[in-house]
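Once you scroll down, you'll see the structures, which are given as structure tokens.
One chain, chain A, appears in both complexes that follow, with chain B as partner in the first and chain C in the second.
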Partner chain A sequence: MVLPPNVSEADFNAALNEFRSAVGANWVFTSDEDVALYRDSYSIYWGEPEERVASAAVAPSKVDEVQQVVRTANKYRIPLYPISTGRNLTYGGSAPTMRGSVVLDLKRMNRILEVDEKRAFALVEPGVSYFDLYNYIRERNLKVMLDVPDPGWGSPVGNSLDHGAGYTSAHFRDHFGSHCGMEVVTPEGDLVRTGMGALPNSETWQEFRYGAGPYIDGLFTQSNFGVVTKMGFWLMPMPENYLYGTITVPRYQDLEPLIQEVSYFEDLGLLGMPSYGSPLGGGLMGPPAPALTELMQNGWPTADALENFVASQKRPAWSVELNFYGPEETVRANWQAAKRRFAKAIPGAAFQDGELLALPIPKEKEATQGDKPRLGIPALEVFTIATRNPINNADPPDGHADFFAYVPRKASAVWAAARVMYETYREMGVPPMHHPFSTPINYYSRCFIVATLVPTYRNAAKNAKSRELFGKVMDRCAEHGFGCYRTSPAFQDRLMSKYSFNNNALLRFHQKIKDSIDPNGVISPGRYGIWPAKMRGNRG
Partner chain B sequence: MRQALLLGIVMSVSLLAQTPAEKDGKAVFDKWCTPCHGAEAPKRSMFVNGALPGTAALALKYQGRVPAVLEQRTDLKPAYIKTVVRHGLYGMPISRKTEISDAELDDVVAYLTENRKK
Partner chain C sequence: MVDRRSVLKAGAASVAGALVGMPTVLSAAPADSPRPLHAAVFVRRFRQGAAFAEEMQRRNVAIFSAGNDIAQLWYSDLAGGLNPHNAPIAGLTDRVTLFCLEELARSAGMRVLYRVDHFVNEHGNVEHNAVGPASVVEATGKLTSTSAFGREMAVLACRFEYRELRDTSALKHTGPFCPGNKVVLVSWMIA
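Let's turn to the complex of A and B:
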């Protein structure tokens, strides 16, 4: 049995009894077998002393139960770790940041409180998954569309609070950016509603996010300043159609004008997430194509060598798929406008028309529909890149740790970040995934991601190597100003140490807030480097 | 035509023979398992064409020795199903009791094992 740090067994048992009174004995989990279900399946410390395992779990179903649990936690100084659906895999899953915390499992708080079709918003509790909300909308034939992240079993609340993103228009696929209003149990058990939720009799909680006074919602993301128990989200009105089309450009250096033109349409709000690719690369998250591996025998090629390589392969250097949502007249017109502008900007640009799909996709066609998240349909198909597949079949991983470097939206930065990752892998003696044709991901419209997935295992020796690689990638990227936006508890202190402007002023500010609003340090100690004063020591 | 008719009769009989646990188990399976272990995969995908993560992984693992689609298996044992759901396996993560209760897991086991003897 694991105990929370600095808590006696007697106090722990007294707290557990109060938790049982608050939520019912069936919903307090204390046996080794039950607590083990809260382990992070993808832990990079699996089975080692540093693995962040819970001491117990408590699963309330209502807000007042959450308040009671939080008050008890203060009384006995028990660290709580709230989770929504607990599916934040690669970023910690359902396991706490600090070993010995009690997981506050909000999965039973699974009420969809409102979906307003005409005003296009939803209000949900943390245990609601994207699958749940999608099914609710479809069963009632409501004419609104969700923006979903790749894994559909996540929670709109949890995903937004960890800065998750999706695929449709820029102002919906930033999931925190498209939220409107929240309800929070404070670390001392009070209840706060933000924005217009603070005004009694207001009907605009999900329509005007600011209310009056300081806007505080951002404080509850990637933090430990409260337990979010409700959140509103703006929804896209169901578009009549979805249209995609693919553009290819012939030369290596064409990536820069390609990005500029895509960004023009993106920033006008005319696109879903653009999808960059290279016919000469190796596919998303795959190893480099064989011809490219041969070219790179002596390291990163020169610009001239890359241009000559492209010419010799007789295939385009880059591609981008553009996605449009709206009435047929406007999506076709936007694609026509894109063709005109790209043809003028990039000599040799070629265009391939994609399908026009009427939305919503009929239920009977959903299973075989590709690219479900682009159409607002939750799925789990993304996991094909990390479960047993033809690339890893000899030694399938048990999980993965994702490193998403945020880099400027320009070709030179994409190449620089890919090269940093390539060099780091080589330095570590690991076959590089990155190469000069690695492409950016555009979840957030104003910034690119260059991503790598490091495998994790239920094997200490293999994980030690993965940790070294992951940490080195984080260090090298930070040296170049490429910041990672989200990471598992194992790396949160290290990540936040990189955001060090003015002697870590940002982290020091976070710590001051923590000390003020959570004096007993009961909510998620250590999350994103924010430790309560009594545990801070030399950390952070 | 005759084959279709026969298939229809066989399917009706098997539906009639379904126990309440199997029926409930199918609903749980559809919610929690089908997105990775279903029989139908998208033809065009930004990740891997024509593959669901669980079904594709099992196809690679078993190379046709047993069906890749769980609902077509006749060899699954209750203890094995429970172990995989509660402990995870490779990329498949652990499922907690607040997600799939013990009773629901029993129903899934019934759905995947009862009336499926070789």
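Let's turn to the complex of A and C:
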């Protein structure tokens, strides 16, 4: 058994016994086979001493049990690592940030407390998954739609607190941005409700997020300042229809006006998440297409060479799929307006009408429906799609560590970020995934992501190389101001060291909060670089 | 890792003879496990998957075809109120199905007890790699590259003594990926 750092076996056992008293003996897990379930399947330290493994797990079913567990943790200085469903693979999964922590598994707190279809919100506990909430809504034929991440096996609470995102309109696909009100067990075991939840008898906890005074909800995201036990979410009223259409543009330089026009519609709130592509690229995460590989034999091509290449291929340089939600009259009108504006802004723009789907998708058609997340249907099909990896075809990885660089919403920034990643891979002797036709992802409406997936293995030597590559990509991107927004525990200290304005004032501020509200450092030590004073040392 | 009961079972299988060839050694081995399987999951598009399902059906085990999205199967048929006592689930599927089910099963306190990866090359020859209790490793070691392993794995699953096993070697053994030049099927049990 792994013990928490600086905790004696006697104290640990005493704490476990108190946990058992709080939640029931069946819900404290200490055997190797039970604790091993919490290993991170995608760990980049798999099987190494640095792998973040738990010492035990405890699964409360009610808020007062969480409070009791937290108080016991303070008494014996036991580090706790709360998880909701623990399925945010590539970002640590169910494994703790610090080796030896006790996983506080909130899976039994899986109650859907309220779904109000008229006021379009939900209030849920952390153990509720998107599948649970979706099935609840469908079974009751409620006229609201979820925005789901992909894969959809996580929890709305956990995903939001980790800044996860979905696929529908900007109001909803920023999952933390669409939350309203939370309940938090503080690191010392107190209970706080935020916003209007602090006002007894209020009925607007899930409708007005600010209440009065400082707005503190953001403090509980990617942090270790408390255990969120309830959270409200705004839901999209079920749209009558979904319509998509595809636009292609002929020239390499057309990406800039294409982005500007898409952003116009996006910022008006008329779109779901736009999907950029390039018929000449080779896929979002894959290696460049063969013709492009040939063009890049001598490195990153010049702008002229790229324009000539596009002309020689006799195919459009870029594409974007636009998605509309609403009554048939409005989605068709918006698509028509898009055609008019894009045709005027970009000579040679071409348009392909997509299908109009009535929502919700009938139950009997769900299984065969494509692109489910865009329709608010949680799915796991992404794993089926991703199981073939063109870069590691003969030697597949066991997982991946995602690096999502946030870059300005303009073509020049997309190209710059892709080139930074391309050159970093080359420098490391790894076949690059990026090329001049790499396309951005638009999870957050006001910012682009340029992504790379670094493979992880059940092999220490390979993982060492992957860690070196991942770290180098992080370093190079930060030098250009491209910040990663979310990473696994293995890289959280390094990531936060990049957010270094004014001698790391942001991290120092986080540490001051930590020292004040969690003096014993029991909640998720080290999460996103925030270590308790006693463990801080030279970290970060 | 390996408890006395599993060693004894491995010994019984060894004495009885090779697993390959029909009738199999397993037909002479101990009777089916006293705790029945809740369900068997299979991939229909592979012949061995269909053979696995056929044998399971013959043994009155409920069978479910794994489609592209295993989640609805998990929520609708395999977990929760439909399997309140976490009765074991066996499968012969692709790796991605097992990967997803293993992650989903954690919330129900269930885990992978054993897995046998079957690597099928372009000529149709199969290499078997078992991880888990000695009984499974030993029995599977007798399969050949041309064995009708679908049925064999069904028999093995029905007779596997799963209780009180402490072996963790099969947990999270691989990711969902498989080599591009091979088909990888995997037989498994979750309980």
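To be clear about the criterion, the second predicted complex is superposed on the first by the 531 of 540 C-alpha atoms of A that agree within 3 Å, B and C clash if a C-alpha of one lies under 4 Å from a C-alpha of the other, contacts with A are read in each partner's own complex, and residues count from 1 in each chain.
The working rule: a residue touches a chain if its C-beta (ideal position, glycine included) is under 8 Å from a C-beta of that chain, and two chains touch if they have at least 3 such contacts.
Model, not experiment: these values are computed from the prediction.
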Problem set entry | Clash or fit (per the criteria above) of chain B with chain C on chain A | clash
Exercise. For A:D395, is the partner it touches chain B (first), chain C (second), both, or none of the two (neither)?
Worked result: second
Exercise. Once the shared chain is lined up, is A:F131 touching chain B (first), chain C (second), both, or neither of them?
Worked result: both
Exercise. Looking at the overlay, does A:T384 come into contact with chain B only (first), chain C only (second), both, or neither?
Worked result: both
Exercise. If you stack the two complexes on chain A, which partner ends up touching A:D32: first (chain B), second (chain C), both, or neither?
Worked result: second
Exercise. Just chain B (first), just chain C (second), both, or neither: which does A:S94 touch?
Worked result: both
Exercise. Which of the two partners, first being chain B and second being chain C, lies in contact with A:V249: first, second, both, or neither?
Worked result: neither
For this session: Examine A:G86 and indicate which partner it touches, taking first as chain B and second as chain C; both and neither are also allowed.
Result: both
Exercise. Looking at the overlay, what does A:S275 touch: chain B (first), chain C (second), both, or neither?
Worked result: first
Exercise. With the two structures fitted on A, what stretch of chain C runs into chain B, 7-15, 25-33, 61-69 or 133-141?
Worked result: 61-69
Problem set entry | Overlap of chain C and chain B interfaces on chain A (superposed complexes) | 34, 36-39, 41-42, 85-87, 89, 94, 107, 127, 131, 152-153, 367, 372, 379-381, 383-384, 386-390, 393, 396-399
Problem set entry | Touch list for chain A against partner chain C, complex | 31-34, 36-39, 41-42, 85-87, 89, 94, 107, 127, 131-132, 135, 152-153, 366-367, 372, 378-381, 383-384, 386-390, 392-399, 456, 458
Exercise. Which of the residues in chain C come into contact with chain A in the complex?
Worked result: 67-72, 75, 94-96, 99-100, 103-104, 106-107, 109, 111, 166-168, 171-181
Exercise. Which of the residues in chain B come into contact with chain A in the complex?
Worked result: 31, 35-36, 38, 40-49, 51-54, 56-57, 60-61, 86, 88, 90-99
Seminar exercise, completed: The answer for chain A against chain B in the complex is residues 27, 29, 34, 36-39, 41-42, 59, 85-87, 89, 93-94, 105, 107-108, 127, 131, 152-153, 275, 284, 367-372, 374, 379-390, 393, 396-400
